[in-house]
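Two complexes are shown next, each including chain A; its partner changes from chain B in the first to chain C in the second.
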Partner chain A sequence: MSKPQFVYVTYIRTTPEKVWAALTEPQTIKKFWFNITADSDFKPGSPWRLKFEDGRVADTGEILEAVPPKRLVIKWRNEFKPELKAEGWSRCTMEIEMADYYPDFGGKAVKLTITHELEGEGTKFIEAVSAGWPKVMSNLKSLLETGDVAFQEYAS
Partner chain B sequence: MTNGKGDSLDAVFRALADASRRELLDRLRAENGQTLNDLCARLAMTRQAVSKHLAILEDANLVATVRRGREKLHYLNPVPIHEIAERWIGKFERGRLQALSDMKKALEERTGE
Partner chain C sequence: MTALNPVGRLAHDDPIIESDPPRRLVYGWKPLYKDLPDERPSRVTFVLEPVKNQTRLTVTHDEFDEGSRMFEMISKGWPAVLSSLKSYLETGKGLEPSWNDEQRKRAGEA
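Our next item is the complex of A and B:
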């Protein structure tokens, strides 16, 4: 495997179980992921698909690994932009662990690390996802810490 | 890592309040996933200084690292900066600020010709 094209980390004052649930429950995903619907049972080998609110398919793939509440690996390809789809499969790894961070939260918080690597050559897909991940991760953090999201709509 | 008081943003602002550390972030922005050797080769800083600055950036969560075999790769992690923007820039101002920022960039590029 090539080296990851990007690595994003956020610390969330919650439990690993709640982060895992948020990443794998379609009704929660919808809240922090700009009304995207995730179709999957999040079991290894199962298909995985993201759909926009209007029903268009955004991304498709397969669950490669699912170890609750620690590690989720998704084989991932864009479907709605031909130039991104042409770059082929990528691999997104989400890792959840407890880490020392917030002293005012007993000195511990959940560290969520998301890495995304493209299997082949190309830069457009990685550029596109790297614009999206910080927003999605900020929303997830807000949702779990305050019960509300920061951004309702995806505005670049 | 924080000082026990305040919030994790203290560490972010402290880390950003140094030109050498901002330069390191610029280098990672230009090319993500560099080793300590890669970064040292292109900077007029000692290896010890680069290493110390990277540790401060990593504590502030502005740099994330991944091990690949014997190598430690450094990545720019923009999530804390995004959280700062989110805290003080309302979601409705974002579009206008982007337009201003695009205009400033376009005008400055023209002046630079």
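Our next item is the complex of A and C:
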């Protein structure tokens, strides 16, 4: 059986460099990720951490791969919900490419693919990120295309 | 519901199954391109819900047979179409495909 996995694909009218910058600059991350702070220099082997506005640690991990402006892989574990933390490590792969906007019909846009998979067994972590990623990615697309986000705060 | 492709050929002629504006739309799905596999019609459901002054759109495309090729195709197509919809609603401009002559010709023949 394959590993529990979440995949999200979105197309953004921008450049791969701008998507890379948005995914790795703490000031920009904060704008589209509901005031989450990312602590990392986004270099392979470096620690990585997400913190809430109040300082609580949301997630921790390590940068496994960083190939600007194409590919970012993060080893990732939830820290603030015991039932999610108990499911252990996951791996999040972000791939950025200029792609045909619609198969066979041409037109170019940046295709951003998020693949988040759990290393071990369990369903709760993947369920949680499945609810979160569409909102975060929706905000990222709005920010890059309009200069502003759709949601200021997380809508559950 | 009929839909024409960019060179004016009929691409869809599908039944509307449910329509409850502005919350829910369900229609049948069987594209008419000639090179598509002959599969039974599938079904698309759009659900719109208000969330913090924004709209959450959930698209569910189901009723495929086991091993459906159409399922693989729409799995690639919807992320592109829905990305374009969001761009259109937020910026006034969708992510329009720029067809070259060969692609136009191919679509005309399809």
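Following the convention adopted for this analysis, the second predicted complex is superposed on the first by the 147 of 156 C-alpha atoms of A that agree within 3 Å, B and C clash if a C-alpha of one lies under 4 Å from a C-alpha of the other, contacts with A are read in each partner's own complex, and residues count from 1 in each chain.
In this section, contacts are C-beta pairs under 8 Å (C-beta built on N, C-alpha and C of every residue); 3 or more make two chains touch, one makes a residue touch a chain.
Please read these numbers as outputs of a predicted model, since none were measured by experiment.
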item: Partner chain(s) touched by A:Val67 [first = chain B, second = chain C, both, neither]; value: neither
item: First (chain B), second (chain C), both or neither touched by A:Ser138; value: both
item: Chain B versus chain C as contact partner of A:Thr115, first or second or both or neither; value: first
item: Which of chain B and chain C A:Val9 touches, first, second, both or neither; value: both
item: Contacts of A:Thr146 with chain B and chain C, given as first, second, both or neither; value: second
item: Residues of chain A at both interfaces, chain B in one complex, chain C in the other; value: 8-11, 101-104, 138, 141-142, 150-151, 153, 155
item: Touch list for chain B against partner chain A, complex; value: 1-2, 4, 7-8, 32-33, 61, 64-66, 68, 73, 75, 77-79, 82-83, 86, 91, 94-95, 98
item: Chain B contact footprint on chain A (complex, rising order); value: 3-11, 100-104, 113, 115, 134-135, 137-138, 141-142, 150-153, 155-156
item: Parts of chain C lying in touch with chain A, wherever the complex brings them together; value: 6, 51-52, 54, 73, 76-77, 79-81, 83-84, 86-87, 90-91, 95-100, 103, 106-107
item: Chain A - residues contacting chain C, complex; value: 8-13, 101-109, 138, 141-142, 145-146, 150-151, 153, 155
